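You will see chain A twice below: alongside chain B first, and alongside chain C after that.
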Partner chain A sequence: MSRPGRQALPLVTPALLVIGVLFLFPGVYNVVLAFQDLTPFDAPGDAEWAGLANFQAVLTDPLVGSAAVNTVFWLTAATVIIRLVIGMGLALLLHSRVLHRWRLRGFARTAVLVPWMVPPVVAVACWKWIFDGNTGVLNQFLVAIGVLPEGVPFLAQTSTVWWSVIAIIVWRELPFVVIVLLAGLQSVPEEQYEAAALDGAGRWASFRHITLPSLRPVITVVVLMTVIQTFNNFVYVWLSTGGGPGTYTQVLATQLYSKAFVANSLGEGAAIGLAMTAVMAVFALAYLRVSDRGRVEA
Partner chain B sequence: MRWRPRDLLVIVPTFAILFVIVFPVLWMVFTSLRPASALAANLPVGQWFDGLGFDAYGRLFNDSGFARYIGNSLLVSAVSTVFTVVLASFAAYGLSRFKFRLRGPVLLIVLATQLLPFVVLISPIYLAFSEIGLLNSYVGLVVVYVAMTLPLAIYLLLGYFDTIPRVLDEAARIDGCSTAGVIFRVVLPIALPGIVTVVTTTFITTWEEYFFASVLMTGEDLKTVQVGLSSFFGEYSSDWGMIMAAATVATIPTILLFSIVQKRLVAGLSAGSVKQ
Partner chain C sequence: MAASAAVALCLGLAACSGDDSGGDGPVKLVFRQFDPESEIGGLKTAVDAWNGSHPDIQVELQTLSPNNIQQFAREANSGSGPDINQVAFADVAFVANSKILQPLDEYLGAGKDDLLATDMVTFEDKTWAVPWTADTMALVYNKEKLGSNKPPTTWEELATTAASIKNGFCFPAAGSQTSAQWFAINYYLWSHGGAFIQNTNGAWSTGATKEQLTSALDFFNGLFTSGATSKSFQAVQDYSDPSIVNGLATGDCAMSYMPPATFATLTKQAGDKVTSAPMPSGLTDGATHLGGRALAVNRNSKHPDQAYEVIKYLTSAETFKTYSQYPASKKTLTELDVPEAQKGYVEQLPHSRSMARYIGSDLTVASIQQLVNQQFSAVYSGQSSSADAAQAILDGLAKGLKG
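Let's look at the complex of A and B:
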């Protein structure tokens, strides 16, 4: 071994060992589990080989199919797009000269960060209370102004449940998007806007032809990071609806948990996990390609 | 300052949006202070502020196991943070100072673990932990949390260590310092802002974690704050005052720690995502 290698080894090994044991080993073991028949109460040694039975069970289960659709469209695509649109609007607002002139930028930026300081479980608790069908403040407000004749259990009826879950996720995860887009806006040289203004470009034209193109790399990173963070998310759906009403809001992460620890089939849970990992690998590779940190200096 | 009527077109919507953003947190704290009887009734706004007090906090700490959950979370988060910071310091120092051949792959592995879906690891970890008796054990949860927070900690510290001149290491070595001595006496004190950032982000991440804590720590006495809070949703679902009191208590540490690192965290995120 080379000299720098010998010196670095004792320093790097303990951390790598922890990461290896807790990430690589379970990652590989998950692949094995997907081909086994095992409950959480069995010893791993007693596992029987199941061939492709787990995959067959999972692929033919209509519940898994609807969970996959929910994960892609509601949990991920809808929340990422809404975060991006609202986040861009807020970033532009926070970047505006007016707020600067009124010395409100600092205050506004801190206020925008508030949801991020709240643990996700707390975020769900707050919104469950706001959405409560009987005494929740949103229902009281909507009834008071005459929009609704009586309270609506937002998280318990199919017509409103997904939009309510989306509201919780967007609220808690918006600050990250705003901060990164704001940093992107600040890195666009002012001269470009001045030159465009001289050429007679209006606000929309300069947003369309200067701001958006300059922000494209930042937007790509934001989309990939939020997709990766959200696709696997368990806590928001599980704690706000439990996958219900019925099985209406089941997503892949809650299905994985239900198969493994409620239906006691670790193999089927592992098969879902494997499918999730495969999908995420595509996004992770894309992220590694575009991100700065991905270009590891060898 | 020149006042322009047109400014209101920006100021008013901004404050409206900021109010919506901050409202759930204000409402949480407000609810926790209201008497239980007021929450069930649909009171007119004029009576909202009648009888505010800490009754709900009294119920929380006397009638539920929440004090115990706080102790569990403090213990697990604090111990995890210490281990993560120490292990990450060594690893980041090694990666910063020695250009060994596997350095690139090691960095890539560390980064890749951040992108892996954590949920997927639950069954294998559950099985392995039940085999070696780490279910319902503080040690088990700490090990998971250390692994979970190490990658980001290594990356953050690496950024700080790379800015510290090597001349300082060499000077300390000539004075007879060992590698550990160089790290603890020379590099870490200079990188103190970095250490503070890592300590706070690690503590916040572990304090907020729900999934692994809920699966690996099922004993009533071993619940963490987040798991305890979530268990109230069903148990005390009519006592929103107490649930909001628990939620408020669960948020205090993260808000405190976040305010310490807010500026640095935001700057770091911005630098990481925007190519300068």
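Let's look at the complex of A and C:
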């Protein structure tokens, strides 16, 4: 090893150790586990080699297929798109001169952050109460104003359950999108809007030709990060519906949990985990590429 | 300098992690239980009383709620964990199979004959835990709301009575893995001659016909279509959900079912407005389940003798003077002075049978519970017909039993 290399080694060793112990080892162990037969009650040394049996069991399970569709469409695509649209609207509102003029900007920005301060478990518990068919405030309100003749069990019927879960996720996770987009908006030079106004551009034209193109890198990062955060999310679905009614809201993360900790097959759980990791790796690589491109352009 | 600090830190940590009962000090034992804090006031009193009268053996009561037996397994497999661990009956076989408990036969001796549910704590002819508390689900009802109707003694009577009252029968009917509809479904099936799986001369197979399962699915779905149960209960997972407990207390619900600890909490709120009765067919042997908790000694405990001394105290009548559970000791059970409202439980308990009927196959009880809850929920929500759901349950069980 060259002299500069030898000098650098002690400096990078702690970081390499952290990466190795906290990230590399669990990742490799998960791969090994996917080929083993082991229950949560056994010591790792008791594991037996299972070959491809875990993958075969997972791939032939129709529930895993429907869970994958739910994960991609409902849990990830729908919530990311809705967060992006509402988040953009709120970010524009928070950036507007109107709120500034009314001296409400500080209050509004704090208010938007409130859901983020609520732990997800507490948020789900509160929303379950809101959605309750008998005593929930939403049902009581809708019945009181005559929209519904009687309470609706939002989390128990197929026509409403996914929209209810999406409402919980969007409410709790929206602040991140708003904050990042707001930061992006604040970096767009005001002169561009003034020049566009002189040229006769209206608000929509300014938004379309100045705001959106300027925010494109930020939006790309937000989309990639929220997809990565949401795709492997377990808490919202498990706590709000447990995957029901029936298996209607099962997602890959809840399937992973069921295989590993309900059926006590850590190997099958690890096999699902590997598949999820492969999908996430694509998004993570895209995210790294976008970040790198941003750095080069800067 | 940094190296010296690291060595000093390691030595300090080593000193902290050593046996804390070395020397002449008292033996310190950790006793971990998983019931919610709201239900263990009496247990705390009993443990405090032990600590007061046994300065040489001090017990630290630890609560890790809800039940997480896998956490105990992780700790025990890594050489740590509490000395005494409360274990649900259904979990004993898993931790016994992993040999992370100490066999207790030499301590128990002939005392084992006095205990209920010993089949749930015996594995490979050894006793791995001491049955501690016994419970079952009894029918609980609001006397005023039920009116002149008598508590139903059959499931068919329950459906008829409940349909004649608004919210006649409130029960947790969610499709989640832990949903407590599982108990009522089993009670119905057992009282109609079926079971989800059965062991015949060591061979496991499905224990109900498609017709029996279809009938069970139609029965529970019928409670919603007849108006006996509000559809909002399809999102309720637990018998202690406020919609059930408050419903019974205020009279919004006429009947439900729950274990004794939840009933005790309910009576604090509702007073004598509520009372208990045996479940439909609850006085038929084996038509209801005998659940409960056992006490096990961690194989890593350095003080198994003292741990067993504490277990003996916890299973004694003295503990149950303040701890509002039913003891799994037949002798202690007979010594209990049970309030009139709890008579339903006491009448039913001798007829209840443990879940041992489901233990020992390649399927875990939790995975049968998940499959059943999902399929029943699928029928309630209109995703499946009862015949399709029955077939799905049979297919799922058969696949699981193959391993």
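Annotations for the structure displayed:
We adopt the following convention: the second predicted complex is superposed on the first by the 271 of 298 C-alpha atoms of A that agree within 3 Å, B and C clash if a C-alpha of one lies under 4 Å from a C-alpha of the other, contacts with A are read in each partner's own complex, and residues count from 1 in each chain.
Everything below uses one rule, namely that a residue touches a chain if its C-beta (ideal position, glycine included) is under 8 Å from a C-beta of that chain, and two chains touch if they have at least 3 such contacts.
For clarity, every value in this text was computed on a predicted model and none was experimentally measured.
Superposition of the two structures on chain A shows chain C clashing with chain B. In the superposed model, A:L33 lies in contact with chain B only, and not with chain C.
By the document's definition of touching, of the two partners only chain B reaches A:V12; chain C does not.
In the superposed model, A:Y193 makes contact with neither chain B nor chain C.
Applying the stated contact rule after C-alpha superposition, one finds that A:T241 touches chain C and leaves chain B untouched.
In the superposed pair of complexes, A:A43 makes contact with chain B and with chain C alike. In the superposed pair of complexes, A:F261 makes contact with chain B and with chain C alike.
By the document's definition of touching, both partners, chain B and chain C, reach A:D132. Of the two partners chain B and chain C, it is B that touches the larger number of chain A residues.
Once chain A of one complex is fitted onto chain A of the other, the partner contacts of A:F207 are absent, as it touches neither chain B nor chain C. Stretch 62-70 of chain C is the one among 8-16, 62-70 or 152-160 that clashes with chain B after the shared chain A is superposed. On chain A, the patch touched by chain B and the patch touched by chain C overlap at residues 40, 43, 128, 132, 135, 261. Considering their complex, residues 39-43, 46, 128, 131-135, 151, 153-158, 241-248, 258, 261-264 of chain A touch chain C. Chain contact summary for the complex, chain A toward chain B: residues 2, 4-5, 7-12, 14-16, 18-19, 21-23, 25-27, 29-30, 33, 38, 40, 43-44, 90, 93, 96, 98-99, 101-102, 104, 108, 110-130, 132, 135, 137, 140, 171, 174, 176, 179-180, 182-184, 186-187, 217-218, 221-222, 225, 228, 231-232, 234-235, 239, 253, 256-257, 260-261, 266, 269-270, 273-274, 276-277, 280, 283-284, 287-288, 292-294, 296-298. Contact residues of chain C toward chain A in the complex are 69-70, 73-74, 77, 94-95, 97-98, 100, 174-179, 230-235, 237, 242-243, 246-247, 252, 363-364, 366-367, 370, 373-375, 377-384, 400.
Within the complex, the chain B residues that touch chain A are 1-2, 7, 10-11, 13-14, 17-18, 21-22, 24-25, 27-28, 31, 39-40, 42, 87-88, 90-91, 93-95, 97-104, 106-113, 115-128, 130-131, 143-144, 146-148, 150-151, 154-155, 179, 207-208, 210-211, 215, 226, 229-230, 233, 240, 243-244, 246-247, 250-251, 254-255, 258-259, 262, 266, 269-276.
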